[in-house]
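In what follows, a single structure is set out as structure tokens and then discussed.
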Amino acid sequence: MTNSINEIENAEVILVSGSNTTEAHPQVARRMLDAVDRGARLIVIDPRRTRLAECSHLHLALRPGTDIPLLNAMMRVLLDEGLADELFIEMRTENFLALRDMLNRLDLEETAALTGVPLPLISQAAQLYGRARKAVICYCLGVTQHVCGTENVQTIANLAMLAGHIEKEDTGVDPLRGQNNVQGACDMGALPNMLPSYQAVANQDYRDKFERAWGASLPEAPGKTLVEMTHGGKQGPIRGMYIMGENPMLSDPTLSKVEETLRGLDFLAVSDIFLTETAQLAQVVFPAACFAEKSGSFTNSERRVQMVRQAVAPPGECRTDSEIIMELSSRLGYAMEYDSSAEVMEEIALLSPIYGGMHHDRLDQSWGLQWPCWDRSHPGTPFLHKYYFTRGRGHFMPASHTPPGELPDAEYPLLLMTGRIYHHYHTGTMTRKSERLNRECNHAVLQINPEDAKAHGLRQGESVQLASRRGQITLAASITDQVEPGMVYTTFHFHEAPINRLTNDAFDTGSGCPEYKVCAVRVEKMSS
Amino acid sequence: MQDVLTTCVYCGCGCGLYLHVEDGQVCGSQPSRHHPVSRDNLCVKGWHIHESINHPDRLTTPLIRKGDALVPATWGEALDFTAQQLGHIRENHGGKAIGVLASAKCTNEENYLLQKFARTALATNNVDHCARL
Amino acid sequence: MPHASSMADSHLLKKDHLKGFLRKLAKEYRLVAPVRNRHGDVLFTVIDDLDAVEIELSEPPQNSLKQFFLPQQEQLSTYTITPEGYDFQPTKATIPPTVYFGVHPCDLSAVLYMDVVFSRQQRDPFYLRRRQGSVLIGINCNNPSPKCFCNATGSGPFIEMGSDLQLTDLGDRFLVETGRTSGHTLTERWQGFFSPSTDKDRAARYQAFLEARGRFSRQVHVEQAIRRLEADTVPDEVFAKLSLRCQDCGGCAYLCPTCTCFTISDQPLDAVNGQRLRSWDACTFAGFTVMAGGHNPVQAKTGAIRQRFTHKLRDDVRLTGRPSCVGCGRCVGICFGGTDIVRFVERTCQGSL
Amino acid sequence: MPQTITDIYLPRQAKVEQIEVENSQISTFVLAFCDHAYNDAFRYQPGQFMMVSMPHCGEAPISISSTPTRPGAIHLSVRRAGKLTAAMHGLRVGDTIGLRGPYGRPFPMEQLQKKDLLFVAGGIGLAPLRGVLDTCLDQRDQFGTLTVLYGSRTPSDIAFQTDLDMWREKGVDCRLTVDAAEPGWDAQVGLVTSLMDGLHPKLERSTALICGPPLMFRAVLGRLTAMGFRDEQVLTTMERHMKCGVGICRHCHMDGKLACVDGPVFSLAELRKLKIMEMED
């Protein structure tokens, strides 16, 4: 996020795209609704009529995968209405002409038709956004989990820069991060092409710096992404894996391929707190301490690095992942000796400029610090891009419509979208163990429009079979007009109904992000 | 009886919450009033975060596969075996044949150590996590 | 409301001697008081070392005494499954006698309400065991917070009953009124700490009360909402609009000092052992009323929201003569969608004042 | 000093003495407390319920389907609905379960004396009425005529067949209907209300006792009212989710009333005052 979560409540216009915020980021939704109560306008771009959409002023129910045309149409309206922020474009951006030319060539009617959203609604949204003094765009995986995810994100940036809605307090572009420390894991260089703090592996200078600090020579070539590793197949290039606290056997697309790959490995070790679907395939399973049993830090969606404090001792023989890694590393000939997580953080501060001023004593005495925090005296950065973009001038990257990797056809006539629900988190490894959360929600449901349900003769709650070209699962029908005819929606939390057996492993070449938001399926009534 | 402030693990919001500890067990949670994100409330997952910490299904010993079953082992056995297997692959196929998945649920420090471990001890840049899922 | 004290007896305690008095109490009781921790939050905390903590009486603590009398999760029994039977053993947990110091009038009122709930139909052994060993030392509220509205629920800012000792801050000293017998016992046992109060002190207390009453920043028309609920003239639309915004967090019920709904569930420890737990529940959860097999007699969120406000402002008035909302303001501003009781009262009274 | 307070939440062990399979979904469990003295002294009234514990499943309220006039055993007739009831269906004679109770307001048996009683039930709804009926039969001279109208889905779903046969033998007017006939079924087909066509109760001395699923419940109420029954003459027993059973936990809330202590038996007159699902149009 370029802003802090609390800034959202001061915005005049909030544009939410591809985010089921009330369920996936309740605290962010709280700020949005507070803002609405103070008079802000809320625009929701989502194919589904989510709870937030019901609370919004404008709901643009676009066809899945048509984000780019929709945003392009909005930008064209901004141009036509003279709402482009010319001063900002002049002073702070580059490549505007390419964008303008592309927009001017657009046939607005045609573009709107492509998205399924009436043009007047698009125009109204564009004008609300364009005329606001303070406007934020929040987006989430509904934008990125497409084959054109990177272009979707760039187009959002185009829109924000065109309107000049960036670089100010209460104004900006805010990607909401799905998991509690996905931001931190990226910051720490748990990426195949980046060393900590986004210092490219391919860059000799950065490698030199880390080689000196770590006293080891580092591989030059960027590594493989998660999907490349987990979808290599039985004879894939990966022979052994070490998996810490992740469950690709439920979270990754086309699970049959993941299972084939993991079973085909020479060796798999997994460290986790429960025996996950992935751990069940391992040769060695390490019992890890959970968050309440160790100390360290997490980085939230607004880049706030905050302390995780140990409350209790780990059960049984559990050890922290740090201890396990250090033991393994020493056995493999590279000794690691840290007495505490604070000592690890000191090394992070040494090597990662954006974490330069982050030390446990500072984090412990505050509500955390938002990066970049360059040194011990730096107060942290509540909003990014003040006075300059990280890369210099903001670069407009015009993009045009890229259809999803797989669309409904005669054989698989429905479009499946996947996402999260409120009561469960990710693969349910923890939340499914909670008595209360299970009481509130203990099985996967398939949201289906009453029209489609009628066509298939389905009753509320009835078990249905859902099939794609890659697999099939059984789950309960939830008949609701939250989804449009022709679309169905479900979640990936439930091992009893692993939806990622069905999802497509087409992915965005820019980010490696799988296209979870669109694939073709069919629904079959169970013969009872 | 003690309340320990920590950070919630259930989404990217990062609420500050207190874990209520009694007799060495976490048996409740509550939001921090002044924390800038939680601001005196949690979502239903945060309010019930204690229920999964004490769950009887927690793994408590290392396991090693013997045939079809995973059987309890000592730490020494599990660590030695893992180091030997990964070392073997590193020697015979090079680091590029090893993949490492870090975790969006683990701490910064753990992720830092894991990618350092991958890049030094295992000599591979094949390190990623489910950032996009 | 309070004028001359109806409490039997009153004394003075110099602020300088408060710590000394508490140190004496802590020798015989577990001591719980609102403490501002190093993060800046104020929580009722079990105090092990009086010298290591900062007792905070001006900001209402974020948790209430509910956590101590009805814990978020407590063991009711353990069970074992053997070939011979399926046997329950009573829980072994013991509760030390405890002094709760610095309890605000809203929270004292809440304890009085809980006393009714847990002994009216049946005597609840777990609540009463905790309650019987407790000594309550209250503090009247000189500075209601901006969220407070206890003046509208008849539970503050000053209170005349419910505590064993009731303190009023008079600047450099507390006026200490003794309520129940145990209060007298305390002031007599450690009479060295106390000096006689004068009419001047009691006048100062009255003055403090008048000033506190003038400090409420909002007028919440609870009485009016109660009348409308009783007359069944609250439009369905009010409940419908509020329920659209409820995000199912349960926070309002969990933070509420008088929301005592609970659930009971079994937690297996292994194949043949387990424990039966009682834990907080919220009537706004769909699962609160859902029956085995999936049927839910409260079919829409609207019904659950109606139940919440109707229970607090109508049913409990019928039962105890006053609402079980004590105006502590804990649920105000914490709702993910703005569905708190103050909004309910405001919407209910719209156009009728 | 703190006084000792009875642990009202602690279940007592009871043994399964006999299991009567009523149909594929319903069985009647005959239970006795393991503590013989307690079992001998145990008393309850028709319409009350017990909180049943099953290993690792928690507790659920189950209405007592036997009559207190035959002490020594408690009958619980249970339909397979959730986790706990499914576990009960796995019980064998000699197994132990946990019981506490009896709880709830029973049927007002004294008010029913000298009355003609009309029992209307669907499916498992006959269970709580079974106890009332057997009480009436054991004190036959104190009650007027007894009529049972019982609806089932199909003929093979008809539960309590042994009881129905026995009641008929003792002169109870038992009339059955099914939603869908099967070969060999030559009796009534249709909703339980269709059995009411031929009835001509003496209104001034009649009381109706009904129990069944919400849809049936509403249809029967409408019919009874049309026949001239006053709301005070209609009694029913309500089903709700419950946790404590003793009026504290509030899971069974019914617009200000609690099913566990204010019910589960209510008169229609009482229910009419409540905003509850069963009373909605």
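By written order: A, B, C and D. Residues from 1 in each chain.
Operating definition for what follows: a contact is a pair of C-beta atoms (placed from the backbone, for glycine too) under 8 Å apart; a residue touches a chain by one contact, two chains touch by 3 or more.
What you see is a predicted model; the values in this text were computed from it and never measured.
> Counting only C-alpha atoms to place each centre, which chain is farthest from chain A?
That would be chain D.
> If you tally the C-beta contacts for B-C and for A-B, which one comes out higher?
A-B
> If you average the Cα atoms of chain B and of chain C to get two centres, how far apart are those centres in Å?
Each chain's C-alpha centroid was found; their separation is 37 Å.
> Roughly how far is chain A from chain D, centre to centre by C-alpha average, rounded to an integer in Å?
53
> Roughly how many whole angstrom separate the Cα centroids of chain A and chain B?
Their C-alpha centroids are separated by 19 Å.
> Two-or-more-chain contact residues of chain B, please, as numbers and ranges.
Within chain B, residues 2, 5, 16, 34-35, 39, 41, 43-44, 54 contact more than one other chain.
> Residues of chain C that touch two or more other chains: which are they?
Residues 39, 247-249, 263, 265, 267-268, 281, 285, 290, 335-336 of chain C each touch two or more of the other chains.
> Which chain D residues reach two or more other chains?
As it turns out, chain D has no residue touching two or more other chains.
> If each chain is a node and each touching pair an edge, is that a line, ring, star, complete or other?
other
> Any idea which chain C residues touch chain B in the complex?
Residues 37, 39-43, 45-46, 62-63, 67, 71-74, 247-251, 254-255, 267-270, 285, 330, 333-336.
> Show which residues of chain B lie in contact with chain C when the two form their complex.
Listed in rising order, the residues of chain B that touch chain C are 1-3, 5, 16, 18, 20, 27-35, 39-44, 47, 50, 54, 56.
> Considering the complex alone, what residue numbers of chain A touch chain C?
22, 26-27, 29-30, 33-34, 37, 51, 54-55, 365, 367, 422, 435-436, 439-440, 461
> Flag every residue of chain B that touches chain A in the complex, lowest number first.
2, 4-16, 19, 21, 24-26, 34-39, 41, 43-45, 48, 51-55, 57-65, 70, 73, 75, 78-83, 85-90, 93, 95-133
> Which of the residues in chain D come into contact with chain C in the complex?
The touching residues are 2-3, 5-11, 13, 34, 53, 55-60, 81-85, 95-98, 239-241, 243-244, 246-256, 261, 275-278.
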